[in-house]
Amino acid sequence: MEYTPRELMVVCAARQIHDGENVFVGMRLPLIAFALAKRTHAPNCIGLFETGTIRDEPSAELLYTMGDAPNIAGALWTTGTLNVMAPMATGDVHLGFIGGAEVDRYGNLNTSLIGDWQHPSVRLPGSGGGADIASFSQRLAIIMQHDHRRLREKVDFVTSPGYGYPDEHGPAGTSWRRRVGLPRGGPSALITTLAVFTFDPTNGEAMLQSYHPGTTIEQVQEQTGWELRLAPDCKETVPPTEHELRVIREHDPQGVWTR
Amino acid sequence: MNKRTSMASAIAQFVPDGSSVAIGLALEPLIPFAAAHEIIRQQRRNLTLIGPISDILFDQLIGAGCVEKVAAAWVGNVSEGLAHCYRRASEQSIPRSIITEDYSNFTIGLALLAAGLGSPYIPTRTLLGSDIPRKNTTLRAISSPEDGSPLLLVPAIRPDVTIIHVQRSDEDGNAHMWGNLGITEQAMLAARDVILVAEEIVPREVIVSDPNRVLGPSFKVRAVVHEPWGAHPSAVQGYYNRDHAFYHEYHTRTRTVEGYAAWLEDWVLNTPNRAAYLARLGEERVRSLGVKEHRYAAPVDYGY
Amino acid sequence: MNKRTSMASAIAQFVPDGSSVAIGLALEPLIPFAAAHEIIRQQRRNLTLIGPISDILFDQLIGAGCVEKVAAAWVGNVSEGLAHCYRRASEQSIPRSIITEDYSNFTIGLALLAAGLGSPYIPTRTLLGSDIPRKNTTLRAISSPEDGSPLLLVPAIRPDVTIIHVQRSDEDGNAHMWGNLGITEQAMLAARDVILVAEEIVPREVIVSDPNRVLGPSFKVRAVVHEPWGAHPSAVQGYYNRDHAFYHEYHTRTRTVEGYAAWLEDWVLNTPNRAAYLARLGEERVRSLGVKEHRYAAPVDYGY
Amino acid sequence: MEYTPRELMVVCAARQIHDGENVFVGMRLPLIAFALAKRTHAPNCIGLFETGTIRDEPSAELLYTMGDAPNIAGALWTTGTLNVMAPMATGDVHLGFIGGAEVDRYGNLNTSLIGDWQHPSVRLPGSGGGADIASFSQRLAIIMQHDHRRLREKVDFVTSPGYGYPDEHGPAGTSWRRRVGLPRGGPSALITTLAVFTFDPTNGEAMLQSYHPGTTIEQVQEQTGWELRLAPDCKETVPPTEHELRVIREHDPQGVWTR
């Protein structure tokens, strides 16, 4: 069955969600990944939205934004942003999703600016809730379009901290997060249009976990700004099932986000 | 006290040049676009805009040259992507340079919470290791006085005026708001003055029949403006849906300075008020955005 | 997930000896007396009680010897005055000595707010010049890192369990609470575990029809107990009024240790559950406390 | 027309409220004083209650506690304690009321304990919201039963700060409050069963402003633990009007709080 790169990304994102987890859902593809997970392997997961909404059922209609009316009707709780981020700050959110313009080999994400901090060549929208999700959630899944200008050795600006960088006090990874005072967490997956990376928390480095059907490790390397490290069990990404695709297309019939 | 007034007089009285203005606080829904357009028509200058994410509203004010500084977590077009006027101002100082104080949604909320509580700051552990506090130096990293661990101090932000769009209010500013609230509650308590823009003006009895639904203390409200559809193209739960096409149109038309100027002519400068705006929008489009199916809250008894 | 259980099993599972328990958080209304009585019947020991004011509930638990420490702003009998068991414990170590950590209503609220936000403390300017921080040394006076001015740091309090009485809940712990809330919201977000006691168990549809009315995230709720009249003698808006006479009777009968013992026999130890409690209360008294006039909230539309 | 000492105290308390003010209303007598002021000279005042309630109309029935159902029905806002105290913390509350067990000549109030801090001879209920009201409101009115054991030279424990004490850095009064870091405020009136005191903010001392009809300055002095200082215009307390008494008795027909 044919599918688009974005449909595959949604499937890979949904597979990051375990049943019963509290998931901080980001914009666009994660909105559909949450709906897909709910309707397949994670019927008991709960979605938290930075607008101030918590729900345990996907919205009845496709969402252009998480503040759309269908995401509010039938919610478990509609309240303020701080009330929904508070449980994340105290560790009750298992998985968070964010996207970005640039990511580096240590999972540090840039959504703020390209170039000089004071006179940027491109001013990006900024953190939104992204930096908070990256700081507080137990696991972080990053979703990005894959090309060498976006997957870089080092980002121009760390908006959302991943595993930091090696420095005089120690390596990148979980120990860096502890050094800077982050309470927990770190990236567990980087999902792109070409591949899926996981991370080695001991040094914070991204490892190629799987390459999407139709691509090769070489093609992934060409579009990646650092020298690939392969996960021991690196293999081709498991393609979407017909059922997964059917659920995605039921939820996004016009393919607004997934075409 | 009757605080009803027109949008024009509310903006003229309570949003002078140089004001710090918290607006667009519920994130994507309930964005006070009618108020922003009046600010543009009155050619306010050197404003500081405060908000979490701004879904094209900050972009419009920046493009019109009203803004000196932005204190926000995100400035763009949620369903379309980047904000062109924000980019032009930040990258090329068109129409003028702006100062950007970067926050995250959690920290901008904490800053307003602190102001409302009368606390000078609130400590947190978000953004540790992020470059945001290195760029926005009002956010100060310290060692905890308790155990020496790293902490980030988020100083209080006290807006001169907070502008809020609500579903319904009485003439005194006792208001009901529902749906996701973003950081609206904190911004109301933090502000010196509050302007309420309401879809409906209702009798006091409607509001006091459900005091838990009330947004905040009416003694902080200086003006109540009755402006139906005043939040279009954003959504108002129970009244109208988000006009996604309008955001797309804005995104497409404002890629160039000239395109933005033309858009502004059409929708703001040559559109003196909200009635004219609705006429331009057209009955058909207005109808298509309306509520298709009502969903009423279960009854609640305050009896005794 | 169905979290329904009996009061006996909820207390047995989630309130072990030595727990810190936040309870009585809405001040005078919605006090979970049924839960406190079950704690006494199960002879819990060495509890830490956390709350703003406690209208005789803390006094009952202290008199029964369940309590090692009290972190509160006020312990007494609101309509009658002093709390006799609290006095005996503090003044004569009867039935045992207790540690009292004094707060004000604002600072106990800030302590729970801080815990819920994941912040180590919140700075404030209340209680500066008061002896409360000299007695409760967890409250630390410092000089502001910003301008050197005096500040009081209120450290986070994270209760092991928060017990909340609500008007209605579904079986998963999605609950509606209305009336004044005191510091209930903060205590729910601060707690590790939450026990909900509900006047009514309602279908999920009732709750999700009005998500702005919901008290907090059900994923923090461990147990949902259906206990009609479980807050008597305190009031539950829309269900029953405060039984002032009951507080007077308690005040009069508990002046002596023996009097308290007899009161406890009557209303707790020889009253195995809430059904027996209501039978003892008597139909006439129950009827007299019921709602005389219903006052329904104005409709709200979540449609789109 | 006959009246009780408590009825006179309610009248004196109500007279502290100016029209249009935001008033933080305490337990018992202030609940009635708020109702009286609303129905006489201050129709536009607003009452804030630490339970989390704000209202601009007195409750339809007598309140035994501020959390009683009639105080919630018809309120302008029912919410949390922090939301109602927040405007007081930022200076939006003009007047606050509290009572206590002990007060001293500088308006420092004790509602915590008598005797030794660790082994008190009498353990009192504590601050409740009192210390916050004393810290944050622009003006403070204290309501007490008058006897020499309650009006003392110095209280055993300062629960709610008044004007502090003279110390090596300066006098009591407004300057003491500034020294300790309080943002504003201080006692403006002490209303007792025998008299009304005002305060001199320059040194924090209570001044006898008026003695109630039927008492004398000498009798007040006998029951006061410090040497009286008289206000320049010290005179007899203006008795309640018939209208004031009628309103009080309409509100408290059984005389629960005012007999």
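A, B, C and D label the chains in the order they appear, each numbered from 1.
The definition used in the following text is that a contact is a pair of C-beta atoms (placed from the backbone, for glycine too) under 8 Å apart; a residue touches a chain by one contact, two chains touch by 3 or more.
Please read all numbers here as calculations on a predicted model, not as lab measurements.
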Between A-B and B-D, which chain pair shares more contacting C-beta pairs? A-B
Cα-centroid distance, subunit A relative to subunit B, in whole angstrom: 27
Between the Cα centroids of subunit B and subunit D the separation in whole angstrom comes to 40
Centroid of subunit A to centroid of subunit D, CA atoms only: how many Å? 57
Between subunit B and subunit C, centroid-to-centroid distance (C-alpha), Å: 37
Which residues does subunit C have that touch at least 2 chains other than itself? 110, 117-119, 124-125, 151, 178-179, 181, 185, 207, 212, 235, 237, 241, 295, 302-304
Overlap residues in subunit D, where contacts from two or more other chains coincide: 53, 69, 72-73, 78-79, 82, 89, 136, 183
Chain pairs satisfying touch are A-B, A-C, B-C, B-D, C-D
Under the touch definition given earlier, write down the residues of subunit C that touch subunit B in their complex. 110, 117-125, 140, 142, 144-146, 151, 153, 155, 176, 178-179, 181, 202, 205-207, 209-210, 212-213, 235, 237-239, 241, 291-304
Name, in rising order, each residue of subunit A that touches subunit B in their complex. 27, 49-53, 64-69, 72-73, 78-82, 85, 89, 112-113, 117, 119-132, 134-136, 157-161, 164, 176-177, 180-183
Mind listing the subunit B positions that touch subunit A in their complex? 26-29, 52-53, 55, 72-76, 78-79, 81-83, 86-87, 90-91, 100, 102-107, 109-110, 113, 124-132, 135, 149-151, 178-186, 234-235, 237, 241-242, 244, 295
Given the complex, residues on subunit C that touch subunit A span 1, 115-119, 174, 185, 189, 207-208, 211-212, 214, 216-220, 302-304
In the complex, go through subunit D and note every residue touching subunit B. 22, 44, 46, 53-54, 69-70, 72-79, 82-83, 86-87, 89-92, 136, 183
